[in-house]
Each structure stands twice: as C-alpha cells, then as structure tokens.
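Order as written gives the chain letters A, B, C and D; numbering starts at 1 within each chain.
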C-alpha cells in the first residue's frame, strides 16, 4: 500500500509538510555570522514560531547553517558534520562569504564557493544578513521543502566523486572515513 | 613385672659415662648407643605405663631402706605419663640430631650425646623420685647438662646465654636447698609422702616461706615470669634440638616438681590462685614480648614460655578438668613446640643472625619443612582440626566450669596475639620473595623422619584425640588423689 | 482470553490518550514559555509535527544492540507506569494493571527506563552521554529521598501501600491528601521538580554544554520513541500525583484540569530559574524537601 | 546415616588427592577436583533426607550431625553455588600457578560450609567454622600482594569473632554440660539474665564478623578483592551467608525469648542499615571492579542483616530471600570480573572499556546480575527488596526504610558504573584482540543469570524452602499467606502479581523494539564508537574518549562530608598503639644477667610481702 503511487504522493505531502514546519537547525557558528542567530531566535524575531529550533547534535538536526566564511581547517569539520546528519538534510549558506568568498575572496586559507564542497539548498545574501533576511531564507527553504525541491542531499550522493575531488583538493591531509550509507 | 623404674635412672646414667669409652672402640657407637638406650627406655616406659594403668602404681625402693627412711621412686600413672613423654621426646631429638651437623666432629658429638643422656636422666629422675633432696640432686644434674648444652656452639653469644642460665640456675639451687633445709628442720624427713602426712603440723609461716622458696627455685627452671630471664637466650643460642629438649623435657620436669609440691606435699589452698596469677602474668608478658621479636628462635622461646604459663593456669584451677587440660596441654605443647623448633632451626639454618625476615619464600626450597612448620604454627595457635585445638578447648572448658570467665577471656585475647605472630612467619615463608643472601639447607633424612613423626602425631591427635585422652584422664585422676599416693608410698614394706 | 484482549485494547486506548495529552502539554509548555519570554511561540501542536518529522526521518546508523534497545527500555518503564496508575478513578473501562502492583513496585519500575536508556546512551560511546547519565543518576538519588519520604508518610498514615487504597481513603474522608497531609504534598511536589528535569534541574541534558547529554547520539526514530515515551511518562506521573494527592479524577475533563494545574508548577518554576550544578541540586533535594518529608512522617506517626 | 561419612570422606580424600594429582597432569587434577565437588553434592541432594541425623562421639564429647529444613536451605546455597563456581574455576585456573593449593582450599571451604549447616552441636559447628576461616584465609593470601596487611586483618577479625563464639560455647557448656544446640536452646530460658544477655552478644559478634557488619567490616574489601575471583564468588556468595545463618538461629531461638530482645534487634537493624548505606557510598567511589563489588557485598549483607534482625515474618523471609539472591547475583558478578580479568589482565574501569561486542555472553550475565542487584523488576532482586521495604514499613521502621531506600537508589550509580566501565563506552584498539571467555566459565554465569530471571517471576521456588526452614526454627504458623508461586503479599494484604507484569513488560519491550527496527534492520548499519558527533572532529584510533576517570564525581562531591573518615584508620591506630605496648613489654627482658637476678630477688620480696594476701 505504501508502494502505491497515489498514496505515496499523499505520504510524501504529509512528510514534506511536517518537515517544513519543524526545522531543527545545527548552527555551525563560524565567522562573524553567528552573531545574527541569537536575535533571530529570541523575542524580537522569534524564529520558533515557524518551527525553527536549535538542535544539539548532527544526529538530531535537519538543517546545517553555515554562518560565514569557511577556513580550510573548518571545512573539514563542516563536511564531517554534514555527513553525520541523517536524511533528509539541508544546507543553508549564510552570508556573502559562503557565496563567493565575500571580503575574504583572495584569502589564502578560506574557500570561496561553498557549493563546490557541500550541496547548498538556500543561500542567504548579505554581509551581514539581517534577521529578516535569515527568516526569509528559512521561508524559502520551507517553500522548497514543501515543493520537494530541496534535494541537495540527493545531489551530493549522485556527484560524490566530484565533491570529494574538490574537498580533497582543498584539504591536504584527508583522514576522514569514507561516506557510505 | 616387666621392669623397674630404677632402670630409667640407671641405664642412661651408665650410658652417659660409657659413651667416651665406647667412643674409643668405634666412633659411630657414640651416636648409636644413646639411640639404643632411648629405644629401650621407650619400650620399657610404655610397658610400665600399660601395667600401671591396669594395676596401680609401682613404688621402687632403693638400697633396701623402706620409706620414709630410704629413697623411693614412684612410677604412677601421672609420673609414668610424663616419663613416657620425655623419653619419647628424647628419642625424637636423638633421631633428629643423629646427623645433626655433618661438620660436627667426633669430640663435640661425644659431648653432645653424653650431655643429652644426662639431661634425660635428670629430668626422668625429677619426675620419678619420691624424695625432695633426691629431686634436688636430679635438678642439679639436669641443670648442669643444660648449661653445657646451651654453650654447645662455642661462641660469645652461647657463652653469655649459658652464663645467664648458670647464674640463675645456681640461685635456684641455693633457694631450693634453703627450702629443703627449712622443711627438714621442721619435720625431720625428706620423703614426700611423709612430709605430706605431717605438713599440717608445721607452723604456717615456715610452711609458706618454704613453699615460696620452692616455687621461686623451681619457677626459675619452669620459666615463670619474672624468673625466666635465661630462657630466651638459652633457647635462641642452643642448637635447635636442644631447644626442643628444653621445651619438651626440662621445663616439663620443673613444672612437674611445682605441681607435685603444691598438689601433694603442701596443703595451702591459696597456692592454686597463686598459680593462676603467675601463670596469667607469664602468659601475657611472654606473648606480648614474642610478637616483637626479630629472631625466630627467640620468638619460639617466648611462645613456649607463654604455653608454660597457660599450663600453670590450668593446674591452678585445681579441678579434675583443669588437671586434665594441663596435662593435655603439656603433651601437645611438647610435641608441637618440638616440631616448631626442629623445623624452624632448618628454616634459619644458614642465615647469619637467624632473623624472621630471612625465612622469606623458603617453601620453594624446603617444601616439607615449611609445611611442617606451618602445621605446627596452626596447631599451636589452636586451630581445629589440629592437636592444639583440643587442649585449648579443654582449658577453656575447665576455666568455664570453675567460673573464671575473666581468665578465660584473657586467654582468648592473648591467643589472638599469638595468632598474629605465627601468621606473620607463615606468610613470610609462603608468600614473600626469597632473599638471595640466604641459601636453604636441605634437612637430613633422619631429621625429616623426626619431624614427620611429630607432624603425623599432630594430625592424629587432632582428628582423633581419643587415642591419648584416656591415659591423660587416668593420669590426672592419679594426681588429684593425694591420699592414695601417700598410702602407696608408705605402705611399702621391705 | 476475551478479557485479556479487552485489557490490551484498554491499554492501547490509555496509551493513545496519554500520548496525545502528553504531547499537547509539551507544546503548551513551549507556548507558555514563549509567552513568558514575550514571544509568539510555536503553535500548541508543534510537538506533533516534530514527532512526525522525527518518525519520518531516515535512521541510517546504530551503535550496537544496547543502543537499539535503549528507547524500548525507556518506553517499557513509562508504559508500565501508565498501566499501573489508575487513570480514571472508579471506572472499569481500562483497569489496566491497577491492582497488580503497588507503590513500591511503581517506584522501581519508574527507574527501569532511565537505567536501560543509560545503557543505550553508554554504548554510543559519546562521552557527553555518559556524563549526562551520571548527572541524571546522581540527581535521581537526590530527589528520590523526599519523594519516598512523602510516600512512606502516606502509606503509614493510611496503612496501605497500594494506590487504589489511598484513593479509597480519600474517597471515604472526602478530603484530598494534599490538605490532610500537606507536608507530604510539599515534599512530593519539590521532588517533582527533579522528576520532570525542567530548569533548574536540567543539567542532565544541558543542550549546549553536553550536546543534550544522553540522547546526543540519537536522531530520527530513536528520538521519536524517546520523545513520545517522555510525554507518556509525564502524563503518567501527573496522573499518579493526582491520584495520590488530589483524589483522582472521575472523568477526563477533571483529570485534564487537575493535571494541567499541577503541571504548571514545575514549568513556571523552571522558566524563571537558572540552572543548578549537580551537587547543588542533590544538596537542594536533601535540604528543605527532605525536611518537609520528615515533617510528613512525623505527622503521619502522630495521626496514625 | 552413612551418607554423611561418605560425603565428608570424599571431600577430604578428594582434596588431598587433587592436591597431589597436580604432579601427574592438570587434566586429571581438574577431573578429580570436579568429581570431589560434584559427587558429594549429588550424594547430598539425592541420599540425604531432611530430618536424618548421625550421632557420634569424640574425646568424650557426644556430637550430632543432621539436616533440618533450615540447614537444607543454606546447603542449597553452598552446594549449588559451590558446584557452579567449581566448574567456573576449572576454566579460571587454567594456566595459573599453585592450582593444587587453590583446589585444596576450595574443596575444604565447601566441605566446612556444608559441615556448618549440618552440625547440630556446637563443637563440630566451631570446628567447621574454624576450618572455613583458615581455608578462606589461605585463599585470601593466594595472590600474594599485600598479604601481611590484608590477610592478617582478615584472620584477626575472624579469630576475634571465633574466640568470642568459643567463649560463649564453653559458658553454655559449663551451664548445660552438653554441646547440643537443642539443649542450649532448651536451657537458655533458665539461665541467669546476665548469661541470657551475654551469650547472644558473643555469638552475634562471631557471626557479624563473617557477615561483614559495621563496624567489623574492615576486613571485607581487601579480602574479597585479594582472593582469586573464582573463589570470591563463593566467598562473598556463600561463605558470608554462614554469618547470616548463625545470626538467624541466634536471633530466632534466643533473642526472641528475651524481654530485652527488641533492643538487640533495633541496634542490629540500624547497624545493618548504616552498613548498607556506607558500603554503597564507598562502592561508588571505587575504580577497581573487585573493590567495587567487595564494598557492594558489604552493603547487600547490610540489607540481609536488616531483614533478619527486624524479624517479623515478612522481614525474615525478605532477608533469607535476599541471601539467596545475593548468592546468585554476587556470585555471577564476581565470575564476570574473573572472566574479564582472565581475558584482559586488568579489572580497572579506567583501563578496559567497550567489551560488549567482544564478550556478549559475559555481558548478558553481568546485565542480569546488575539488574538483580539493583532490585529492578522483573528480576529476582526486586522480590527481596519489595519484601524488605514492606516489612520495614509495616513494622514501623520509618527512618530505617528511608536509609535503606537511599542506599539502594545510590546502588544504581555503581551498578551503572560497573556495566559502563567494562562493556560500554568507546571500543579501544588495545582490547581489539579480546575473545569471549571459555565455555566452562561462561556457562555457569549464564545459568545463574537465567535462574535469576526465573526467580523474578516465580519466587515461590525459593520461598517454599525458606518457609519450611522458618517453620523448623520454631515459627509455628506457615507463611503461606505471604506468598504464592508468583504473587507476593505484605501483611496489609497489598500484593504484586508478577506474571502479568512480566508478560506486559516483554510485550511492550518487543513491540517497541520492532518499531525501532521497522523498515528493515539492514537499513541501519553499525558504526563504530569512533563515529560520534564530537564537534565535527574525527577521533583518532588511539585517542580514548571514554569518560571513566572520576566517574561519579558530582555525587561524590555531594556526599563528601560523610566519607571523610574511614573506619580502617581507627583500627590501624589501635593496632599501632598495641605494638608500642608490646615493644615496651619486650624491653623487660634486658638481656642483662644482673637485671634478671634482681628480678628474682624482687619476686621473692613481693611474694613475701603479700604472702598473707596470697596464701
């Protein structure tokens, strides 16, 4: 009955709806962007009313929130955390640095384009993005989830070799276990 | 009539004097003859004991003068029991020391066995005789041979120990002579039975003073605190078998003398309590002193002193159970303490200053000796199912029956102390790492035989005490019955 | 055979009621917390969404057999508690196991789950989990003392150790035990703070310090089972308090009113207080609550 | 009754033969050893009928051996645990040194314990008691480290107890002139009040030492942890129960008839409670599994003492049931520690971790033992705990029940520490080579674990013998109103019906287990304990993230004030003082001849001075 196409569609719809309305964020507070998270969560903007709430560990989280530039050193950890998260999982790139390196575009030890290393579902532009922008980013993510178009994890699985190649190019000593599911 | 008690005195004395002559014939005879003598005496004493147990004591008159005028030997159940015990220990000691030291040449061996013979003579004589002056003579014989044996290892320490022994011993003989003089001046007789009949006529002051002198004099030999200063040194410095002989033979004889005086001769009731008091003091002081000793043999010496104190306490109850317990304790102590001395002297055989620390890990090299020592330690502490338990039990029962709970609790507390210092040694033997400096000496075959016999006895008595208790019951009954003794002696007519 | 089936059916119904109520209470707690912090807060059914999302999440990994069993252990203790506690007094719709165990049994079956969960958390190998478990157990030792004192006071005063017996005692006298033996009630409520693990006693699963402690390696279905068992457990414990101290409830509405009123005590106390360190928490429980427990016992001895 | 003599002949002869068989071959030795333990067990349970007795006489003392229901209950503990531990120790002693020594003392201990429970007269009771003491002492010093302190402490405490008992025995004998226990009990009523008070005190002193009751427990941790584990399972499981055995007899037959008996009971019960609490706290502090279990044995015996000394029907049953359970689970746990020691070479929580996948069966046994120890349903420990609480509440011991509850809740802490420290936590490369223990060691453990589960649901299996035994002790009415095969009541009529509880627990558990594993177990894969969310960091193979040092630190900080002092210190100070006294006494013997001469003179003078007092 689960395998039936229509019922499968219904199930998918309900699941997406629930995922949309309960987003547990693992805020990876690199760089300066982390400072924008508290106002987003607390009384003034209160992201919890959208069902957004913080998660303690990758095992429990749905969204990996990368706030700001990623140095080579932290990239390793970020990849690790992402691969420890359970499906379905999404990545939000936060701030200009994750898009094109921002003000660190020519730094010797930061990466410029996050998308080459992790499948980003939603970018939030700005340096810094205000909480309104963050909330709109979440709303965007919710829309994508509801439409079922937030399939970054699937892409990551398909193009794993490409991602790995990029990652290994950046990270000199690669000691991480291979990602298999 | 299988034999006469006089042989017990005559034969070993004769042998003692013959040994040098025999040595001229064939050196080995020096070693063999004492053994033959002791074996004969053993057979004789066992036969006599059986005979006595059935039909009453044998009273032997010497030189045809009937008591109270002449000297008489009494082989009753009580004295017979002790004589058998002593001769048996003498035999064990002989077996053990037949090849005691290979390096001991002919001359020392001659002296050694001569003195051993004299020791046995004196001790047996003390037990057998019925005449107080004669007893004095035998005590002298014992003492002299004892001094000499203490100094057997010619050396500074041995000489010192022997000198202490000699000094205290001479004090003892002086006092003893004094006591005998007082009694003789009062009663005009030296025969025990005679004195026992007339003792009530003596004025109490003389009576008490002479008793005190007797107890002091004999107490020196019997290791009563504080008269036993000689004992630790003598035990520690004399050869191992001699220590066993002291613990098993000499001390027993002196205790016998004290008991004979208090039970048979004097009629002073307070003496029993006095026995208990000095016994307890001796016991407690000795055990306390033993726990802090460095030298193995000194420790054993103090332990033996303590046991003697316990024996006196048991005699002091004055009841039949008390006497039974005391005799049983004497038997067990003779066997077990001899075993401890004999095995202990091999454990510290090669060590320079014989300390307890030097027995570490000996069990790997002397398995049987170590096992026997541990057995003896467990037995003397009174752990069932070994021999010591039964005697301790009977002592406590006697104490309880005469309502001396305080004494009983003291005895038990002291036995905890005893436990501690024996366990320390046993742990060292079995569970410590051996010191490289000391190398073990395998016991000779005959020594092994001697120790094994004693160990077997411990187990036998422990598992089935009935083998011996019957005899002891008779002996204690015999001691308790004063009038019978007197009648037996005085009814002898030529 | 038939009544066995009926019992199972009743148990299922009870479980569903407990699940729904517990989840709703959780959502309401979040809402109320938000309002107290001057936020809008999530909708009251937010917990259902979270639970469903967690259930629908994939679980690709596990850390071994104990890790798999942990949630089941947890569920056992909450459901058993639920079954032993009489939900509605004086009705025989679902008399699940009300007459099969008494208070002592309840005390022990309530500790069954946390320990099994602790084993599961231990096998994940995450140091945070072990630390959280030790804190939780220590805290448990803390609050069990006043809790047991209160129960013992009730038992000796009414000469029964069964919950139904205590409910009957209240039914006969007509006064709730929270009035007739107030000290016991105070001690029990103080112990309840520790039992619900709201602040100030939430150091066990401190989210930022310990990465949520024992559950830090559990996501998806594991977390769903734990969450639902937590809500069932909440309902069961509240019902137990109601039965013991507030004369039980004859129908569902009264039950909900009473339980919610009682539930607000730890919640509101928690929102407005900071966090204790473990030894502070333990000492706190051995302070005033234990004193009130002693008073309760003295009162019971006098009145019995 | 020939069987008795045959049994003991087999024990003695077999012990000696086993000792010397080591010279031939180890296999022969093992077989002989097993035969020596198992054959008498079989003979006893098949050949000896309850109520049979065998009188004989030794050294003029008439002795009597016999079996009554109460003795039979304890012989069940002794021989049952004894044979299981024997099977275990064959595997445990493989390749160890001094196996003959071990086997000899093992057999002697079992024999002496059996002798204790079948001896109907005080002398053979005492003899067997002493044999038990020194054979266990020889076991304690087997492993050889720190022998002088631990071994002598153990033996001195035992000896103090034993001598107290001996004193009581001879006092009784001086009154009754027989050594039969029956006669003692008969005559007890007619004794003077002083004796009536002192005799139980002296006896209880002996039994309290063996039962490791505060403040006489200080020997226990060292002794339990120093003996080889295969023996400690028997030592803590069965040998300590001998103290309980004697205690019950004395309490029931003497103290009950004493008007002041209630005082005895209260003091004993409170001492037991304090023992339980302090033992638990010290157990939580330990980092060595042996020490932890040793202290926990002390604590558990505290519960048992509380039960038997409260002495209401329910409490007595609770105490005895706990005794049986303690024999089971503590035997199992010590066996577990032994297995781990054999496989890894250490028993320290801070060193060995994550063995669950290496030694699954051992883990199962440990889990069962721990659940039973913690008293969590549905295992047997719960029954005993439940009865204990109910009895305390119904017999008006309100503060004591709080104390007991505190200690048994705090027991969870060390229970979890035991399981976590050995089996859970990070799996180390250091222990990757570890294999499951050999079958001879695993089978007894697992058997006992299963038996504990069965007892948890059907306690009647054990409650029935306990019932008969108590009726033997002179409780006229049966206890049937307190238990059925799987129902337990308290004296207010409240009850726990165990069977449906077990079934529902299993049902719920299995249901949710299946739910968790739903959509295929293969969907989820096992990841090593290195794959944890540690802030995105990848732990290296050689870095150990397990949290095992200072495990229960916060709790320890909370209870620090009560644990500042240790009873041991006081005893040590006392012993040192005595040593000083002994040293002073030793100096009386100066080794100087003049002094000795002076002593002689002083002696004569003193005696002459006091001659009127003395003579």
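Methods note: contacts are C-beta pairs under 8 Å (C-beta built on N, C-alpha and C of every residue); 3 or more make two chains touch, one makes a residue touch a chain.
What you see is a predicted model; the values in this text were computed from it and never measured.
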Two candidates, C-D and A-D; the one with more touching C-beta pairs is C-D
Whole-Å gap separating subunit C and subunit D, where each centre is the average of the chain's CA atoms:
36
Whole-Å distance, C-alpha centre of subunit A to that of subunit B, is 99
Distance in whole angstrom between the CA centres of subunit A and subunit D is 59
Please compute the C-alpha centroid of subunit B, do the same for subunit C, then give the distance between them in whole Å.
80
Indicate the residues of subunit A shared as contacts by at least two other chains.
57-59, 181
Among the residues of subunit D, which are close enough to touch at least two other chains?
525, 531, 533
Contacting chain pairs, sorted by label, are A-C, A-D, B-D, C-D
Tell me, which parts of subunit D touch subunit C in their complex?
354, 356-357, 367, 374-377, 382, 385-386, 389-390, 393, 396, 398-399, 401-402, 405-406, 409-410, 412-413, 415-416, 419-420, 424-427, 490, 492, 494-497, 500-501, 504-505, 508-510, 512-513, 515-518, 523-534, 545-547, 551-555, 557-558
Would you tell me which residues of subunit C are touching subunit A in their complex?
30, 34, 37-43, 46, 49-50, 52-53, 56-61, 207-208, 211-212, 215-220, 223
Going by the contact rule at the top, pick out the subunit C residues touching subunit D in the complex.
11, 58-66, 68-69, 71-73, 75-76, 79-80, 83, 97, 99-102, 104-105, 108-109, 111-112, 115, 118-119, 122-127, 130-131, 133-135, 137-138, 140-142, 144-145, 148-149, 152, 155-156, 159-162, 165, 211, 216-217, 221-222, 225, 277-279, 282-283, 286, 293, 297, 300-301
Report the residues of subunit A in contact with subunit D in the complex, numbered from low to high.
28, 57-59, 76-78, 80-81, 84, 175-177, 181
List the residues on subunit D that touch subunit A in their complex, please.
525, 531, 533, 535-538, 540
